[in-house]
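Here come two complexes built around chain A, the first alongside chain B, the second alongside chain C.
Take a look at the complex of A and B:
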């Protein structure tokens, strides 16, 4: 490792007085595991500048640059991961199999979001900043996925959140977009404050920001520390629950999903949830293992509430983006079963769920964007009526995504639910699994209702689709992935289990 | 004893100033109260021998951030009467939440947990604050420092993206076009 000696330079600057008084060696930190993140940060800044020199008809080159950056960063991450787990920056950054798998999902989600954006953003102003902010947001998520302590975790979270606030309000002239951004910003700032309050209690009790060290201190805290420890637990959970939209901290989700440009809605439904759940797992497993009984009780109630709110409120929605927002909340409720199980199978189940969710949700959003046309966003359920007759291919793909979201057997979504439900039952939470089963049956109703619109209703609006080969390819790939993961779930589940092996 | 007296002076004035911020009718007065509050907080830092952070608070917050606040307040013409409309209606709920948060932190503080963390006593005159902060900021906390810089960049870009608007009535001068102008564009032969 190269060591950079600063003594000479400082002594030179300070004269003889500085010699002896300041004797410090600045060891060059080990930066190798951070190279993918650095590439993303540098590319995001480069795109910001580069875009200014692009003529209007070549603005989509920025999108290609963003896509290539993500693919390159992903390849670099996988290459670095081959060398085994690594730490960098004095233990402020960790690259283990768990982080690598999460980054696979995060970069995948961003690449798909960029593909979905290309047509949507055509003709919009500030495309360079748009893709740059997408990359910065991705950077924040990857930092969260690699955070072994609260400092990196919180900074990554703020970076991600700030980018999503701006992206939600990107269409300045659309009233609901600005309104959604403002709501999201204010509630998000409040949640960040709550999270920081919790972190300050953890620090007060343990004197450390490191997850493992804080966990040790909390596990061995005496009865007099009980109050402070419980406050830390409650505030940490509340802050994290907001970020992954667990009820009753879900209020922002439907508004932000509906108001955001549709590709951003797709982006928000995957990456931030992956990053948030990775942090959730690390916090539960490293910081709060001494409070397992307490957090299991709290999370169980929240999970039931989240499943109920998500699946019941989705029934009343007429706008498909709002419906998918409540569907996200419902799915997070199911994912929480994996967190509550708190064993290797449960955490692996969370990763399996997120993997399948990436494909089915991105596919569904791709179809929604393809249906956008002059003056009509393709967002109302009525817009889907008669799709089966006009475009049987899209109709089939959408049906597959919706059935998979509903958890119909032998599609990817079924195995996602199966893995977390089984993990919960094995951890002794049979009632919770039964309640989840009940709500997933309720949830199937509103997904299948859309299928009814597609195949059995007369068309009410004239269809006029965007013809974009890249997006059609996305729909095809995600649909095939959902079917393939449904028929052969074995390898994916095995990979997720091996990814979690280093954590627990 | 003298130190304790100064602590209560600075802390008490800081609380009074903070109350002034939220109760002042005139937003400019609010900003002034906030400046006063920062000065007292800086005094508290001085009492802890953290002179660098104290100076920084005065230089950066009072010198730069608050001036910016003042600009914003004067430019925006915030209608405070409209802002205060719901004040009494939301007071019970907001007050209850504030009281609960205060009770929690006080109760946790008195449970004896926080006193176990070493007391920040006097370090003596030999320690150079600036050097010590620099040592940890650019080694141990380097990653956090860099990420914070990226966050500031994103905040800047985000603010510009959300507020920039091309004015339709603005007159621009395109120098390249002016230089490249041809006689045929300006001159017209007329047969009389």
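Take a look at the complex of A and C:
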């Protein structure tokens, strides 16, 4: 491990002017790749304190601070990434192209979630803790994205999970919200236990927490270690599947999505999924490469079950947040095709899918939040009736998001599905891809049903929209992104492929 | 004479400008509003007309054009180019189409005023002008087919223009479906051309025809031995029968009168329906080699000319009288083509375009005045209310009846003479008697309509009486322009262009149309007419037949106005037979429409609704999905220990599978 020195560190931060001014040298781990995370952590704590001193009418400054923090951390990450892959803390933290791209999505998701929160949180007393929890959660996700090691991974995962538990139950006086948080917490703890149990088997077989080292040891383990390896495999998969809502470990999802404040639901549908899938890919590829035949079979069955649960159950929902919860599950089922393909194309497909999903899902949530009526969010499907006549702009944007979610060409969602399906077919999983096609046809039904409400039904209750230029801009930007990614998917797919190329 | 090339940009602009106008008004008509919309379309079509005249003048000086602009598709040896062939045949069609179209565009301002579909209508007729120009200007069978189908589409859209009327929708469908029958033959003809000649370009195909015929290609079809060239020509002619409304595919044309009158004039009289005649003339280098096909063209044309004239005798709808007359006149043109007098066919096409468009537009002016009533039984004595319409309609009627010196006389007389001079067995003999007797009927039904509308007794309902007035200038000016055409086009074609005189060295069609000298009846006619004085027509049968037709009409509908009813009562069977249009519609209805509808209903109700929808979709697929959805919802109990239990089951299932597998 190369020994880095504090003056290098400071020189980096201060520029060349700082070099030579500091004479002290002492060995210190290279922490440069970690600077964005440190900025986020510091900002999160600062906001927590700062907010106490803000008068009520200026509480939204915290939101701006959180947004600027994320944007700054993202810029720093990109700047660091320009120097090529780097490691920190003696290999406990890695900043490769894969991690950078994942962080791009994570920070982007958080920024959008903050935008969606600004109006929602207006008048709430504890905005400081809300935004600082969002930032801590984001920190956990970015740690997960950069984890080459079970310890870092678990740290990040728990940080993220604890923040989301609290955020789901943020509206303490709403029964639904507290209930959801408690369920999520209990099941999350169970999943953490399962995951930890799996990690302990890995450590037992390999004697290492490092993904690559553990993977080497497992690959060379003798037949008498087979049982321990199988236990490790199943428990690891189960723990990770919980985080990304794969059936049958998904059951917390609809309750948590419905109970959480809507911006938190939006937040949870992107960042944690990105972080979870990055870990998933690293674990599959680094820790379990010798067990490919085993895990692809298990994941195939889980994928079919997940697609079935997500797409079938969504049909029966009247609440759009619950419907989108099941829709997330359904989409995770499609994303799993990329994991099952278990090659660079498949993993790149996962990133493509998540990129498109970021825009279309955030856009849909933005519309839902904008449709507040008489103090209650537009949560029921019926609430969309007549939107096409009252607000043609919103109606068009929502239609684009829904069509994209359904995978209609030529919108972004079509290419997302196309890329993972093709990867699965080329990896020899033709039947799985066919099943996925059938379920995406089923899925189109409940998305397009909302379009029917929007354009073909009469308005029932008077609409009462939030007029927030920032959110309207968000809707416009995400809608344009969905269309643009649909018309010109090439660059995005190329970037995702290069992000994966260095890792696999 | 040097072969000057025409300017490519100019040629591309001729169809391009109306297309641009059509698209602009079609897409943005809602924003442009009425004034700007019609200005754009009229400017476009007038520009096209001006350029066409310019091209025509250059072509008269010997210029021509042949070239491909780009290749539409290449599939192995199958190449479809897009190009133009401009010769004298094309040029006369271009001028006719654009001038009539320009008149109709202007007329439409007055006729469609206040219609909710005003801008849509302009977009359609400009689009039609584009399609028709592509049809005539193309240099291969595929651009011909493209234009052919495009004009058919616009015709469909315009017949059903008032789409809220059930009868209009029915008529539009009828036109479209009947044309499908013809187009099927047409498509087979084009495919056969490609199959035998390996090209779809006129130039290549026509150059290869003599050698091809020499090789004696033949094919077996349903037990018949047939010349390949005959097969191709007959197939193409079936297409022409559909488009140009020849018996038995004529049934759509009278019903197409459901559309607004301007398009009856433009599409269903002057231009689109004549596409079949244009095509046969264009393909003269092929038809000349097939006596059988020529005989078929002659006979079908003759039957149509005669039969539709008989039906026209008793129709009471002013537009239908003219529509049947159109069918009949198209029959005349086919007779001309069939007896190898293609140039006379095109000549009659041109004169007919002017006087028939004039008649339709004048009829439209009348209809406009009597508040959209088309029944001539509720008109009469309109002369004093609308003198301009009266005069122009009189000119049109005289031209149609073939009274010298109006346009129809020159061309129609030549057709009859050509049928007499061309000796091709019973076919030309039959055709001669048909077209000759047709002259009498034509004159009679034309003037029957004329007298019933403008003279006779005053039968206008009191309600409409207050509304009677001469039409505005935008309607009467196009009438007068076309009236000039109806008066002079015949003389101009015969005496200035020498359209049908092969003896004149610079006769109009010398290169564009190919005729064997042995076939050409015009040579004999030209030789004879050398000896005739200018008043020779006084000694011919057609002139006296036309005069007696007009005289009889005058007698029955001007003087002894109670006579027609008595005549009808005396021959009830004949009258009913003619009034019901020889029962063609009923025959088609029973023979084709009802069985097709029965089959469709069976497939729909039994196969689609019962088996696929109810059985497979609702029973199997939807049932499965709903059951799955219920199961999923039931699993989501909301109880946290159930959720945990599901996770545990998942873990154990995976473990069990792994252990069992080993």
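Throughout what follows, the second predicted complex is superposed on the first by the 477 of 504 C-alpha atoms of A that agree within 3 Å, B and C clash if a C-alpha of one lies under 4 Å from a C-alpha of the other, contacts with A are read in each partner's own complex, and residues count from 1 in each chain.
One rule holds in what follows: a residue touches a chain if its C-beta (ideal position, glycine included) is under 8 Å from a C-beta of that chain, and two chains touch if they have at least 3 such contacts.
Values in this document were obtained by computation on a predicted structure and should not be read as measured data.
In the superposition on chain A, A:225 makes contact with chain B only, while chain C stays out of contact range. Once chain A of one complex is fitted onto chain A of the other, the partner contacts of A:237 are limited to chain C, with no touch recorded for chain B. By the touch criterion defined above, A:312 reaches chain C but does not reach chain B. By the document's definition of touching, of the two partners only chain B reaches A:136; chain C does not.
When both complexes are overlaid on chain A, the residue A:126 reaches chain B alone and has no touch with chain C.
In the superposition on chain A, A:442 contacts chain C only, with no contact to chain B. Of the two partner chains placed by superposition, only chain B is touched by A:165; chain C is not. When the two complexes are overlaid on their common chain A, residue A:249 makes contact with chain C while staying clear of chain B. Judged by the touch definition given at the top, the superposed model places A:204 against chain B, while chain C stays out of reach. The interface of chain A with chain B overlaps its interface with chain C at residues 227, 231. Chain B makes touch with chain A in their complex at residues 101, 104, 107-108, 111-114, 117, 128, 131, 135, 138-144, 147-148, 150-151, 153-155, 157-158, 160-162, 164-165. Residues 182-183, 186-187, 190-191, 194, 227, 230-231, 233-235, 237-238, 241-242, 247-249, 251-252, 254-255, 294, 297-298, 302, 308-309, 312-313, 315-316, 442 of chain A touch chain C in their complex. Taken together, the chain A residues at the contact with chain B in this complex read 21-22, 24, 26-27, 29, 34, 41, 45, 48, 88-90, 92-93, 126, 129-130, 132-133, 136, 139, 143, 151-152, 155-156, 158-159, 162-163, 165-166, 169-170, 172, 181, 197, 201, 204-205, 207, 221, 224-228, 231.
Interface of chain C with chain A (complex): residues 625-626, 628-633, 635-636, 638, 640, 642-644, 646-647, 649-651, 654-655, 657-659, 661.
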